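One chain, subunit A, links the two complexes that follow: it is found with subunit B in the first and with subunit C in the second.
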Partner chain A sequence: MLKRLCKRPSALPRIQLDDRLILMLAGVMVGIASGLAALVLNRSLEAMLEFVHSLRGHSWAFMLPGAGAAASAIFLDYIMKEGAGHGVPEVIYSVSRYGGLLRLRSSISRLISSCLTIGSGGSAGPEAPVVMSGAAIGSNIAKLFKLNDRQRVTLVGCGAAGAIASIFNAPIAGLVFVLEVVLGEWSTVNIVPVAIAAVAGTEVSRFFNGNQIAFSHVSFNIGVADTVAAVGLGLATAIFSILLTRALRSMHHVSAKVKFPVWGRAAIGGCLVGLLGLLFPDVQGEGYHAIREMIVGDYSGAFQVAAIAIFAKILATSFTLGWGGSGGIFAPSLVVGSFTGLAFYRGVTFLWPSIPLVGEGCFALLGMAGLISGILQAPLTAIFLIVQITGGYEVILPLIVVSVVSTTISHYFEPASFYMKDLVDRGQLLRPGTDARVLNDLSLGELIEKDCLAVTPHMTLREFVMVVKRSARNHFPVEDPETRAFLGMVDLNKVRPYLFDTIMYDAVVVEQIMDRDVLSIAYGDELSHILNIMDAKGLFSMPLVVNRRFVGMISKATLLDKYRKELMVQTTDNP
Partner chain B sequence: MVTDMKLRLDELAKALDLQRDTLDRWIRQGRIPVKKSGMECSFGYDTLKNWAGKHNTPCVLEVPGPSNERPLEAITLLGALTRGGVVYDLEGGDVPSILRGITDVVRGVADGERETLYRLLMEREGLVSTGVGNGVALPHPRTPMATCALPAITTFFLKHPVDYSAVDDLPVRVLFLILSPDVGIHLQLLSKISFCVRESSFIRFLEGMPSEADLLSKVAEFEARL
Partner chain C sequence: MDTQLFHIFRNTPTGRETFLQSVYFCTMMGVSPVVYVPQHTKFLMYFEKDVVQVDLDGSYLSSPETAEKHARDLAEAEDLQLGFFKPKNFTASTLPDIPVDFDFMCCPRSISDLTSKIGLGYIGSRVRRIIQAAHFPVLITSPSFRKWSSVTVFFGGSKNAVNALRLGIRIARKTGMRVRLFTQVDGGKTRDDYEKVILESGLGDDMERYVDDWLLFFGGKFEENLYEVPHDSLILMGAYGHGVIRDILFGSKMETIQSVMPNNLMVAGPHYLDRGV
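And now, the complex of A and B:
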């Protein structure tokens, strides 16, 4: 039997590789790879921190973060030739503009540079670099399989989900983060592979680290008072989210003014963090240690210390990232959040000791959720992340309240989240199925109508009427008979009365009835810009003129037809 | 059963009524279930049909078989006049009797249809006279005749001029009965014959009651000038 089969391989049942199946298999691969990347960064950070800790005693220890940040800036700038970004905005940009194309080298560049920055004591998070790394792995696996843009974007999402899932041992947080922040699209085509990748990433982390909950679980007894207090905490976290966002951005502007090479700036920022670290050791590194202490309720500092620590951490993070260090803002947000929660708790219990609040550990958790929702403006990510990294479901009610309040208030002051702000400013945030996306995808070449009949300026009205008879359009470009240069347009609507006046037939020439200063379009004009002009001037169509030659008309009628088709194609799930 | 098909990209773009650029981009972005290899692309026939249905896109992929459409021959005045023929010395003293006479002798109309045609022509004359002036009238039914496969114009020379309440109140000597299968053709023929009867030379020519061959050659001459 087996022999016979070997002789006739065609008799073997052929597995038809369905597109969805390919995506799921690739999703598993990407999830495992990005999970491993997260693991590698985590382990090397631990090793680095241990090494750096042994050097703490020296008087020059404050320069260590400076050296690390400088090294990471040199590595990114000169060896990898990549700009120092946070990672996540780059991934979102690539997803919205280039169908998720990322360079292969991005899969390790951020890992190494952020390891140098954070390991040496800089205040930044390892999550964004891992997300970038996972996304780059996904993008390149998609390239390997020759997948199309849509599938590549899904795999980029898989990489990001695997990374977040692995680093926090939190699969749902990974899935939700990707859908809410990275892809911005909740469709089955995406959800299934991304969920699979999140599971794969989590399994990798559990295989090597065991099923550890990132922050050990303390069980809380939540009462009504806590849920009400959560509103106040939401307010507080929103304020600090806005503060952190603005501090980071303004620090960018400040550092840009210093005429130093990139690595020099990074060194300055790093040293400042080092000095700050002499006063508040907690602000250095990714800060998970401090969070753990706060959740269990072991944090020793008083209310004032916790309150000042919030500002210290914000300052340290903006020194690190704003001056050229490499890393994300996820972990710093968590630290700032837990400090905020702690300070809030201590403040409330100091003012009204009679209110039965559950405990400062719980408020540290809620504060983290508040900061994440405020900074990322992604309440679902915050809720699921906190539920999963603490392994407890009891806090869900105040958690939702904090996240929602914080997101709403932050959104009021900062309409675009920290990750999206730059993209929105540049008009590059193109979420699937939105107006911007459709207009960006349609090119002028796809919309051009070339069935206009050209006329010359010396034609009589009689000859022109003959052309009108043959034409299906209302617009007639006027061209120079010799050079064929575009001179203007005749709009039928404007000359209609003359067309029926036979006396004028031989008395009027086209030159007299044409519009000379017609607004025209050039190749490369943005469609949204063209539409704005049309709306402002009340036009329904405009001529496309290239090198003074008339090419065709762009009209709103055709645009609507193509626009609708494009929108349908973009918003319905493909098989 | 999924049947795989292969087409050139420009062929598929045409079948889907898309621009080449749009098709290329949709394939690259993975928005359409088509795979591209070089200048060719492959797809499952049913899958694509299904996709096109969902996306409001025409999908004409059938191999063009022997078409059952009427061969698209240009509508000429000459052809219509040749098909219709010429009738001389039509009797009749008023509009109804003339129209009755017309419907009795016109070619290409089944006997059962003649009564209907008469009624339609009378109805049209009741609306406003088809006497266009210069002794010419262009009787025709308001709606196209379903039974009429090819357009035909029959020329009638009246024995005695008749008061047709024409626009210029001149008695009518010549009638052109226009029968066409659809409105578009009707308008084309009407426009062409109007062009002829506006010319005074043509009117003078008609007054000489020319033979069928002479009439056709004169019309051919006029049509060439259009």
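And now, the complex of A and C:
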């Protein structure tokens, strides 16, 4: 058999380096790179926290988060010259509008700035910065290999998945987060490379850190009462996720009114967090220590302390991120969620001590899922993340309940998630295959029909009829014979009666039958806006006029024809 | 007039010189100027395969209250109607996105560094990246406004040089000016070799119609031969046709030209699309 194959090499199975295989190989590369980025941030944070911890005894220690946030803002604004932002919305925006193009500098800028903010005690999480970093790595590797837009978007997803998978040691959470939040598209062309990248990122984390889960695994014997109580917890976490979302946004507006440089505002926010930390030390940093205590049932604070800690953490996160610090909301959401779960459990057992609930540790982790679901409006991400970072599959039923309830209620009051609210408000969330995305990917240039024949205002109807005979179109721009300025249009449908009345041929001139009050399009007009005008006015085409000159016609028929072709491109399963 | 030139307006005397150059180009070419008066020192340009962040120097934000009026006055003096570009999309709140579907762009030699660097011998890194990524040619102006009355195309036979020649013919067609070719012969090539490239590019007829002079140098130093280029000629050239390593080892003709010639330059990058056809 082997001899026969050696004699006929063409019979050997050949590996075709097709687009899918290239994406998988690139996915491994991106997954490893983003996993390493996450690892570097984690290690740097540990080192910085250790250093800062040794300074905590000083009376001026409350200023440390302020100094860190100021340094972070200076680094981001003056050295890296990046615009403000949390990271994930920028990635989603880039995927939506520009085929996942991200700047190379973004692959390191957020890592360093978030390390300064969180390491000094600011209340934020490292997850959004590593997502930004991983996505930028993916985007730039795609650029290196000259991949197309679709492939680049997939590699951006690979980077984000590798980063989340690495930082939480949770490959499925990384995969689901990317498909649900970043790409908004579940297609095999994305799933395979993103899954591979998530595995690569996780392996990097396990190679250097061992197979550790973020929070220790505790077995819970879940009963019906816990599942029913999860409905109430879902409601509570929805309320706090709405509160956190609104607090962050309103703090942005408040800080914007302070006429200080960016670093000055960040310093103020950081110092306020430092002061808050004197009363509630758990609100500082990423806050995972408190979560660990709550899950194993070691949290010593009373119900009132846990309840106040929820508000304190929301306030601290708003001061940090709303005033210019750098970081994400993943970790603060987990902390707020676990406090909510704990307070909820203690409240319920205080009011109805006979209800057989499983334990406060279980409710702390259910609370985390509820908050993540509410704030990201991504229930699957929340479910898989909590299952993976706690290693507890037995809580899956209440986990689903709390996630679904929290997402539904949050969506009712905040129709867009925290990451997407700004994009939705600006009309810039363009998911693949949606009307807005298809229209965005078409340009005016490819729709212009330039075969219209121009006429002049003093042309007689007889001369006009001769032009009509030569034309295949129904619209005729009227131009000034000297300046070629656009004066109006003649619509064949409106002047048809004249055309069959030969008596009028020398009695009527174009000026008398032209429409002067024509709605026109300018370069830069969005296609969605143009379509809206056409629909509202019952028009089938509109002239494009630039600098008072007629350029061409944009017709609804051509637009819909191109629309269909673009939709097919976007929804096909080829990379 | 469906072609547009994009200009980032700087409301300073130096910026006025650059803008006058844009206005002159638009008048000659029948192009509509689109002016962006920046409100932030940063903006992004998303090209097909690259995203370029331009960090403007602080002078671009000076006197915003008079910027539009100054730009409009300068354009109206030449009977040009000005379009002002207002960013609609923002990557971050202080980071607007600038569209890249213009036909031409005009900028000084550097847009992101101190104005002291606008002299010869220095083209800013952002301008280079824009040239490399854009499908439109970039008009790099001389430090002070100067009119041009002829077009000189630097033609070395490469794909980018063919792009430059196409651009030259496009300008000649619009302005009625004659085109002059400048070729520094290297590698033992003959005139026939260059003509063959032109014919294969389908530019034979246009060459007959619009090109009336061909400065073909078989010897002499390139820098010295540049003296033959008239001082009032718009120089057109292709850029970044070779790899970085070759440019470092053997030098780049574009770098030499831009560091020696005070003329206005128009550079077509590797992704230039001839929209004038």
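Just so we're on the same page, the second predicted complex is superposed on the first by the 557 of 575 C-alpha atoms of A that agree within 3 Å, B and C clash if a C-alpha of one lies under 4 Å from a C-alpha of the other, contacts with A are read in each partner's own complex, and residues count from 1 in each chain.
We adopt the following convention: contacts are C-beta pairs under 8 Å (C-beta built on N, C-alpha and C of every residue); 3 or more make two chains touch, one makes a residue touch a chain.
Just so it is clear, the model here is predicted, and its values are computed rather than measured.
Engineer: Fit or clash for subunit B plus subunit C once both are placed on subunit A?
Structural biologist: Taken together on subunit A, subunit C would fit alongside subunit B, as the superposition shows.
Engineer: In the superposed arrangement, does A:A507 touch subunit B (first), subunit C (second), both or neither?
Structural biologist: neither
Engineer: With both complexes overlaid on chain A, does A:R150 touch subunit B (first), subunit C (second), both or neither?
Structural biologist: In the superposed model, A:R150 contacts subunit B only, not subunit C.
Engineer: Once the shared chain is lined up, is A:G524 touching subunit B (first), subunit C (second), both, or neither of them?
Structural biologist: After superposition on chain A, A:G524 lies in contact with subunit C alone.
Engineer: Which partner chains sit in contact with A:S443 here, subunit B, subunit C, both or neither? Use first/second/both/neither.
Structural biologist: Both: A:S443 reaches subunit B and subunit C.
Engineer: If we overlay the two complexes on their shared chain A, which of subunit B and subunit C does A:A302 touch? Say first, second, both or neither.
Structural biologist: A:A302 contacts neither subunit B nor subunit C.
Engineer: One more residue to check, A:K565. First (subunit B), second (subunit C), both or neither?
Structural biologist: Touch status of A:K565: first partner only.
Engineer: Quick one: is A:R103 in contact with subunit B, with subunit C, with both, or with neither? Answer first, second, both or neither.
Structural biologist: second
Engineer: Can you pull out the angle centred on subunit A between the C-alpha centres of subunit B and subunit C, to the nearest 10°?
Structural biologist: Seen from the centre of subunit A, the opening angle is 60 degrees.
Engineer: Minimum Cα separation, subunit B versus subunit C, post-superposition (Å)?
Structural biologist: Subunit B and subunit C, overlaid via chain A, are at closest 6 Å apart by C-alpha.
Engineer: In the superposed arrangement, what residues of subunit A touch both subunit B and subunit C?
Structural biologist: 443, 445
Engineer: Which residues of subunit B touch subunit A once you look at their complex with the stated criterion?
Structural biologist: 19, 21-22, 25-33, 47, 50-51, 54-57
Engineer: List the residues on subunit A that touch subunit C in their complex, please.
Structural biologist: Going by the criterion above, the answer is residues 81-85, 90, 93-94, 97-98, 101-103, 105, 143, 146, 426, 428, 443, 445, 522-524, 526, 544, 546-549, 551-552.
Engineer: What does subunit C use to touch subunit A in their complex?
Structural biologist: So the residues of subunit C touching subunit A come out as 1-2, 4, 32, 34, 42, 44, 46, 49-51, 53, 55, 81, 83, 85, 88-95, 97, 99, 101.
Engineer: Under the stated contact criterion, what part of subunit A meets subunit B in this complex?
Structural biologist: Its residues touching subunit B are 99, 147-151, 441, 443, 445-446, 562, 564-565, 568-570, 572, 574-575.
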